[in-house]
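Two complexes follow with chain A in common, the first pairing it with chain B and the second with chain C.
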Partner chain A sequence: MHQFQAEVRHRDGVAVIDLLGDVNAEAEQALDAATREAEAYNPNTILLNFTNVGYINSTGIALIVGILARARRERRSVAACGLSEHYQEIFTITRLSDFMRMFPDEESALAEQPAV
Partner chain B sequence: MEATSSLVQRFKQFARRGSGGSDHPRRTADERLPLPDAPPIDIAPDDPIIAYFQRASGAVDIDQISIDSPAIEHLRAAGVKLVVPLVSQGELIGMLNLGARLSEQEYSADDRRLLDSLASHAAPAVRVAQLVRQQQAEARERESIAQELRIAHLIQQTLLPKQLPDLPGWHISAYYQPARAVGGDFYDFIELPDGKIGLVVGDASSKGVPAALVMATTRTMLRASAQRLVEPGIVLERTNEVLCADIPRNMFVTCLYAVLDPTSGHIQYANAGHNLPYLRTASGVVEMRATGWPLGLMPGMTYEEKQIIVSPGDNVLLYSDGLVEAHDPQGDMFGSNRLTALMHDVASASTLIDRMLTHLTLFTGPDHEQEDDITLVALERSAAVWQHAPDTLGAGGEDADTMTPTSSRSPSGGDHRLLLEFSLPSVTGNERIAMERVAAAVGDLGIPSATVERIKTAVAETTMNAIEHGNDNREELPVSIRVVLSAGDLVICIVDQGGNEPIPEPTTPDLEAKLAGLQSPRGWGLFLIKSMVDEMRVAGDATHHAVELIFRLNENEGSGASVSG
Partner chain C sequence: MHDHHEREETAPEGASTTDSSAAGAPAPTAPATQPVSRDAEYWAKGVTILHADQKPSDGINLNVTGRRVVSPIQGFGQMWEKTYQVRLAGASVTPEEVVAVWKEEFPSFWPSGNRFYRPLTGIRPGEVAVLNLSMAPMVRLSTGVMVLYADPESFTLMTPQGHVFAGWITFSARKDGDVTVAQAEVLMRANDPFYEVGLILGGHTRENRFWEYTLVSLAARFGVDGQVISEYQLIDKHRQWKNAKNAWHNAMIRSALYDVTRPVRWGAQKVRRSS
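Moving on, here comes the complex of A and B:
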């Protein structure tokens, strides 16, 4: 099991947060720090990159809800890419997909600019 | 000549109905709008005067009638001189009876023509009034029958159990649907000493209020006997003795009485001529036979007693004849063979009743009017709580398997393939270990990868709840996990030590409220579990929670899932 990491990159006005590891309670601090770092550049969109995430639990879902809630207050959009089919299903079941668009990968997400 | 109106007012008038085809041949005149001082005159249905008046072509002078008729004598005694028959559609429906004229002269030809004309107009009107009155009487009778049915329903509903027994490790379901005519079905759960439960399903012969009253009496007698006596056969014997003294002739009650010990799964039962219950185990469905005559037929009866053990995962079905004796549009009966075939492949007590009712509807057709009461009581001993949960483990790490994957037999002899059984200390993060171990254990079953992912999420979330909420993060308390393949179902049971706190019902989180900051962003666990599984059962006792996650692998065969091994 890896220590969770979250790295921020900026591409074309989009703040990409690369997630690495399990999105669970232990990810909270790193995820919060990365989100604040991403917001510092006032991007229109935050793109959460789940390509290297193998496990998201209900606490992780709650963390993503928190990111989404804060972004909505600041009129930013949030999108997700790289989710496995299973977690795409979970995002659909939880209705997170109603509030954040899901893309297969980062390139397809950025290609949708400025839609994302 | 006097005006018609004064004639009508002056002379006594009786509107009477003749006897032809009437259901009420002898009604008294005071039921038929007599004037206040008109003496009632009965006309017997076989009085020849009726046929005479029906054939008469107009007003008839009483003094010129020579037939032998009691009614004529009554009319003469009442001072009637002239009778104008009211005939409608060939039937005598009444008469205008006139006394002597005030002038003491005879009625003239003009008087008679006027009276005939009056009669020809009055007869249809009187007939209409009679029909209206008849319909009102029939409506009152129908309402009276409906009221009786309502009373019968009320008696039955009042005496049926208000709630099902809540027995740790057991799932009990009941269904009761009275037929429109209201039969005498009943069921009951009786709390007995030592935590045992009396189970009753019965059917009183006859219908309506009599059946409901007999049912109520039987229930009361059974309850009284069950509290004092232990053996079900003796309880039925005593009930029969008391009932025989009180029950109306030609009525009787069939009744199955069983005593369940929830701790051991032991059921002792006796049967007074009721439909045989069924026990479903992993190895098949068996009739629970015991002989005995129905209650109330004759005193001095004895009742055979039998016993069974209901093992974890087994089902028992008690029912009334309304199910097996239902007919399809061709007149064929539902039958016990169909019932046992359906029992073979059900997974739980709750789905058992649903399955029976669904197939009953398919069998009888949508326009079927239910012929008799239908009562179903289903018990299932949950496979969730096994009797000897693994002992507390050492803290800090993963415990070795307490049992390696192997094939085992349940206590009842049914085959369950135990895939994995292990325990973990209550340390955050161990849910991921649980998830991976269960995934590895089912890896050879050929389950589609999407289903495996759902299994993993459900196991991880349930284990996390067990660690955090059930065991309060006390690492010395174990979370025990057992994975069983049973009749095409993958059953994963996760047990913690927190039985004193109930597990809440899963609800759908309000995402909008969470995004608006009105609710905590947390609270997804139970919802996720429920969304991942085909069925989630929660059981427990004073010290344990047991959550059973069920995946119906056979139902996914069409989408590529299969079970090997």
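Moving on, here comes the complex of A and C:
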């Protein structure tokens, strides 16, 4: 088990949420708090940085769906970076990738601004 | 294990943000060295188009093969998260044991009249089951589910196009102090406007009863007279009208058409045999 943490940074109008640890049911509170903190700056895009995530279960995917649903309601885009091939595949199977662009790293995601 | 499926080869519909290379974005390449994720064996792999071989003698296999699975984002209606829990107080059973029994005997906990035709290999990641659901007297719905995720303490079923809702259901168990708690959690959106109306006009209540019955049955399996605690949370009250076209795949309409035209097919078959 790796205790989940989420920290928010703002770069070039994008709210970057750095995720660290296991994304499962126990991540809900921290992820929700980070998302609200990110939204407070009214960014056009929220970038979820998965570089330091080594475990996601189906409850974790449901949490990400919640973020995506809320962002779409607010006409905000959500992107992801740092996903391993395994998680890229999970995002494709669960069809999160239909609405969330995936980038290899933070720099390439920000380089796509404002497209992300 | 995954021979029931095909890898999808066509671009997903409405996927303007999906194909990153086509959109001019850098391809999401993986880092040079990647450790194997601890969850890797629990997820379905390479499955987006379903294939179900089951030929139930007392049911029909319709609206599954060739369909794509759909997340709540692809649905039409309001997005709901529903949680049903039962405490197995007094039962000396671990969460792993509860989930193992739940997987093994999954259909036996359902209300009568509803059938779950599981694959021969059981509830494993990537496998597809056929469902025949009783929606009303004389009205049955044939659809299916894919096992999206399965670990020792939980498993998740994801629905295909045409199912009543787009989304998934996670069945899990955990310890709360000395008591094991079993839970079903549904994250859903009605797939199309017809289903949305149906859910408003009693469908939600029927679905809630379905899962409450299931949890009471599961508790009884462990000798517990269970009381189900249900919570419903509206995640997104908006309806996604651009997804109203999902009605084309509506499995209830297609199942009804199948049943209504059964005499015609039977007659045609008889004519072919006699000629």
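Note that the second predicted complex is superposed on the first by the 116 of 116 C-alpha atoms of A that agree within 3 Å, B and C clash if a C-alpha of one lies under 4 Å from a C-alpha of the other, contacts with A are read in each partner's own complex, and residues count from 1 in each chain.
Going forward, a contact is a pair of C-beta atoms (placed from the backbone, for glycine too) under 8 Å apart; a residue touches a chain by one contact, two chains touch by 3 or more.
In this text, all values refer to a predicted model and were calculated from it rather than measured experimentally.
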Fit-or-clash call for chain B and chain C when the two complexes are aligned on chain A: clash
Contacts of A:Leu68 with chain B and chain C, given as first, second, both or neither: both
Which superposed partner A:Thr59 touches (first chain B, second chain C, both, neither): both
Contacts of A:Leu83 with chain B and chain C, given as first, second, both or neither: second
Broader residue contact with chain A after superposition on the shared chain, chain B or chain C: C
Which superposed partner A:Thr94 touches (first chain B, second chain C, both, neither): both
Clash with chain B (superposed arrangement) - responsible stretch of chain C out of 27-35, 117-125, 135-143 or 261-269: 117-125
Touching both chain C and chain B, counted on chain A across the two superposed complexes: 55, 57-59, 61-62, 65-66, 68-69, 72-73, 84-86, 89-90, 93-96, 98-99
Residue numbers on chain A that touch chain B, as the complex places them: 1, 22, 25-26, 55, 57-59, 61-63, 65-66, 68-69, 72-73, 84-86, 89-90, 93-96, 98-99
Residue ranges of chain C touching chain A (in the complex, touch as defined): 12, 14-15, 17-18, 20, 23-31, 34-40, 42-48, 68-74, 79, 81, 148-149, 151, 154, 156, 158, 168, 170, 172, 185, 187, 235-236, 238
Contacting residues of chain B [partner chain A, same complex]: 428-429, 431-432, 435, 450, 453-454, 457, 460-461, 464, 509, 511, 514-517, 520-525, 527-528, 531
Contact set on chain A toward chain C in their complex: 54-59, 61-62, 65-66, 68-70, 72-73, 77, 83-90, 92-104, 108, 111-112, 115
